[in-house]
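To start, the structure itself, in structure tokens.
The first chain written gets the first letter, and so on, giving A, B, C and D; residue counts start at 1 in each chain.
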């Protein structure tokens, strides 16, 4: 049995050698510079969102030629790869090897949940760029985790009240994607809609990546005054297409994510007339937004998106927080971030005590504007909290939305 | 409650799409015993190339033709330089084609970006037809017609033409085929090229239904694999029957059980494979 | 047969390797301890997978099921049903063994590409279950907050967890090594080589395929347990077919026809994945090319390569059969 | 499988008389067909224990198919197979092996990527049920297995190549190893499927000597093309053609039987 010796020796030595070569320690530091880690997906289904956030942030830096609040900003970009284990290691590497002062990241909620344990322990300030799961800034809120994007329910609740009180729809059939964002969005809309005195008469969930939406569309109760939909990405494109294909003539209202600019670009006429609520629209005519849209679309020749705005706003938030801060460390930066107030392209942003951004919600309608389809802003609801009109403590006592799934219709 | 007719039409049209997606895979496996797990990536590539050409030429048919030819040629090269070297080693094919899928998908992401896109519907197939209270999109009807056309032409190619006979001969006994003067390498390149072209065509025509996005290379592959395997690896008729079957099951499943999802199809597929490894109509290995 | 004395170099090799791995945390910056823990867990999973793939010759593309089920046992055991450490590990191992047996039984009549596709379907069926039973598994968001209090003799820090994982991995590697040399282990290898010959010798081939799947499922589930506690999180991705494809490729690159090859494969692929993604966003392309090139130029994997080189040099002039002592032996001529 | 009616009749006879030792191999109305062609067509014969029977016949006579039916690799459509009186028709291959039946294969069927040593260790291990179920001790450390294995290899002259992979052996040595593996299980019945196929004249001679020297109590069935080898080894020669048994008898008798000659020379019954 002579081969066994060589068979055992080679692999063990090989494995150890590889581990040693893998650790090329770098990351030299100069004192007053601030290092920001961008941990968004650059591969996988959310690659476009990750790139938009990074490009938005980078664009903001370039506008200030790499210096904000009088400090040089170094950027470390890593791929979240839509995989919790990869994201966790990248976060740890950013903290321990690159010594970042703050992280802007996470698009997939599952990955955000996975990494939040480590980030809470490490104490590094994190600005969540996209991940929408409610509890990241509610039940599991942690001092150093902020969020510049919406929670699953925050941008949906105003839509529920608005549909009932302003648009006069008395009954609604709600459709959502069967994952956390779907339950929270549908739940938020349904709660507000019913608390405003109207009634949800049908509740349907379709699995993520539903290839054929026809069966769901054909099951819709067409007696409802309104169909409200929580959909995102390719599902939103296929859903709206099926809605038009099968001639459902019930008015269609959605969470803003179903008609995001880059999705609307594909939906075109299918989406005409869709009313939606979101904290941003490309058509906002504020000076900050016009400047941002013109620079982004000029630099990257693709339509701007709320993810790009989130990246840009993160730059703004960090600038405000760093302004007048002499020693930059986790605690001082976290404390500074907690009470920033800025005017971003989307309008004013500040953080509530759970770390969730407070911002305006815009009611938009898809209209054709000189040959192109846009989310024209038809109404503004200022300074909306993630708890909408409910008292935070009371709101947090409600059962989480995943338990309220399938309970809205028929009670 | 939607009428039975609309459920059947939905099921058939979605089933036709599934067959369309699986047709290229069935062809390459059926004729060459080559399992091309980069099939989904060729599907995506076809769609993205067509969109790119559409942007340049503004002609849908030209863009489609261009995409089918480009991806077909890529398929030929892929077979010539890579697949041919692992033709009889199935496991090596699996790893090699998965690797190729990674490369193609990542290059698509690099070149065309990660935003979900949807190729336009073929001109003239946009609207819907309304009969009584049933409204049904022309495009979904076209899927049924296209699937039939592709099925019939593939069936004829394989079973009724000299080329088909030559290909089957080369698969059954390569040395014998060579000895009687069949230029086997050229044939295999042609078959693999045709399979890739079919995948690209499905990416353009079917892409207007499924949409194209990063990650699609494997979600589309799984759809195609389920249909190909259930139908019986290598049997075009099997894939056609299985495609329509899965389409109908998905349609009625969703309307009857709310939590039904396409991936609950994996359990019955697994059971079928355990009992009949060759699938419904698969040819028994000699 | 050869006493321990004759295997002295092997023992030294093993001890040196173990010593190096134990001292590793002191040699590398603390971040790489986390990376090394993941490598060791995946290496253990690869060795467990290789019982079915390398030893049994069965091409499974559904092994994520065992790995993920072990992971979910921990996730749910800690956050929802608050089981003790022993109960969690026992349930995970039982689950891995049971599902392994199910794989073995269901794949009795299949081989080659059909077995691969069947195990793919089985794995996806289990993934679909976890993805869809949202009330239990919270579906796509996965389960976070899987704390390590329950893990015995170790604090919750990354360093001590590394040593815990190393201990368990070495124990599993040792038992798998002994198993591979045992009669049952050699019989499994025999069924890979020729099921018909083994049956003619009196081995119930189906039984040994089942044992291979049970043992492989059990140790894969154990690796899944360590993986979830390492990340303190588990999601359906641990059950997804892409994890099965990953471990298959790791075993092939490492060298599936050797015992430790797959473990080296884990170290190489994960280090490569990590190192390349530092330098380029197109790391998926690089990985894809690595898989293609491995198949074309390194079909027997890295460790296997050593074997082939060795064989090419050893002169293979088989001596003529000597005149046997008794007159009863056929003599072959060259 | 329909229980053949004659079965009950036989039992009554044997019960009344002191039952003679049951035949090692008893085959009754055995048939199997591949797509309409009856490879073995309603064959019945007995092989008493200890007898050495050569089965000869042209290609396609159904010889190997018969072996596969006896060995269990093939299931018959009709008929019964009995080993020492036990009906094994529905038993699996490994159960028949454990009942004392061992065989070699026409096309060499060894554990090619394993060493000669590993092949023999497994073959010997197969005999002991407890060894077959051992999870822990190393197979190569079990004296109960390594002893007999070493002895077998030395006897059959393969000891010096024990560490080589089977794939590296010369063809002749592989044929010898086939027999060694079969013998390792200490069988009571040994089916040798063309042991001398592919061997040189001189090697065939050696192989014949080897077969001849096998222990007397071992029942031997040999499929053989080479008349010389068949007649030298066998007590009884059974001639088959087109799936049926033409004639069975002592070697000398068979040589003179015109039907046999016709079968070989492609006479009245049409080409084989």
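The rule is short, and it goes like this: a contact is a pair of C-beta atoms (placed from the backbone, for glycine too) under 8 Å apart; a residue touches a chain by one contact, two chains touch by 3 or more.
Given the structure is predicted, the values throughout are model-derived calculations rather than measurements.
Listed by label, the chains touching chain A and chain D alike are C. Across the assembly, the mean Cα position most removed from that of chain D is the one of A.
Chain pairs A-C and B-C differ in how many C-beta pairs are in contact, and the one with more is A-C. The geometric centre of chain B is 50 Å away from that of chain D, both derived from CA atoms.
Centre-to-centre separation between chain A and chain B, using Cα means, comes to 34 Å.
Look at where the CA atoms of chain B average out and do the same for chain C: the two points lie 33 Å apart.
Residue positions of chain A touching 2 or more other chains, listed in rising order: 1, 43, 178, 207. With touch defined as above, residues shared between interfaces to two or more other chains in chain C number as follows: 131-132, 281, 284.
Counting partner chains per residue, chain B has residues 106, 109, 259, 261, 263 touching two or more of them. The complete set of chain-chain contacts reads A-B, A-C, B-C, C-D. Chain C makes touch with chain D in their complex at residues 1, 178-179, 181-187, 189-190, 193-194, 196-205, 257, 316, 318-319, 321-322, 324-334.
The touching residues of chain C, when paired with chain A in their complex, are 2, 7, 9-10, 13-14, 16-18, 20-21, 24, 27-32, 34-36, 38-39, 43, 131-132, 134-135, 138-142, 144-145, 227, 231-233, 235, 237, 254, 258-261, 263-264, 267-268, 271, 274-275, 277, 281, 283-284, 302-303, 306-307, 310. If you check the complex, the residues on chain B that touch chain A are 1-2, 6-7, 10, 13-14, 17, 106, 109, 113-118, 128, 130, 135-137, 139-140, 209-211, 213-215, 219, 223, 247, 250-251, 254-255, 258-259, 261-263.
Residues of chain C that touch chain B in their complex: 59, 61, 106-107, 109-110, 112-114, 116-118, 120-122, 124-125, 127-128, 131-132, 241-242, 245, 248-249, 252, 281-282, 284-285, 287-292, 294-296, 299.
By the touch criterion stated above, chain A contacts chain C in their complex at residues 1, 3-16, 18-23, 25, 42-43, 77-79, 81, 83-86, 88-89, 92-93, 96-97, 109-110, 113-114, 116-118, 133, 140, 178-180, 207-208, 402, 405.
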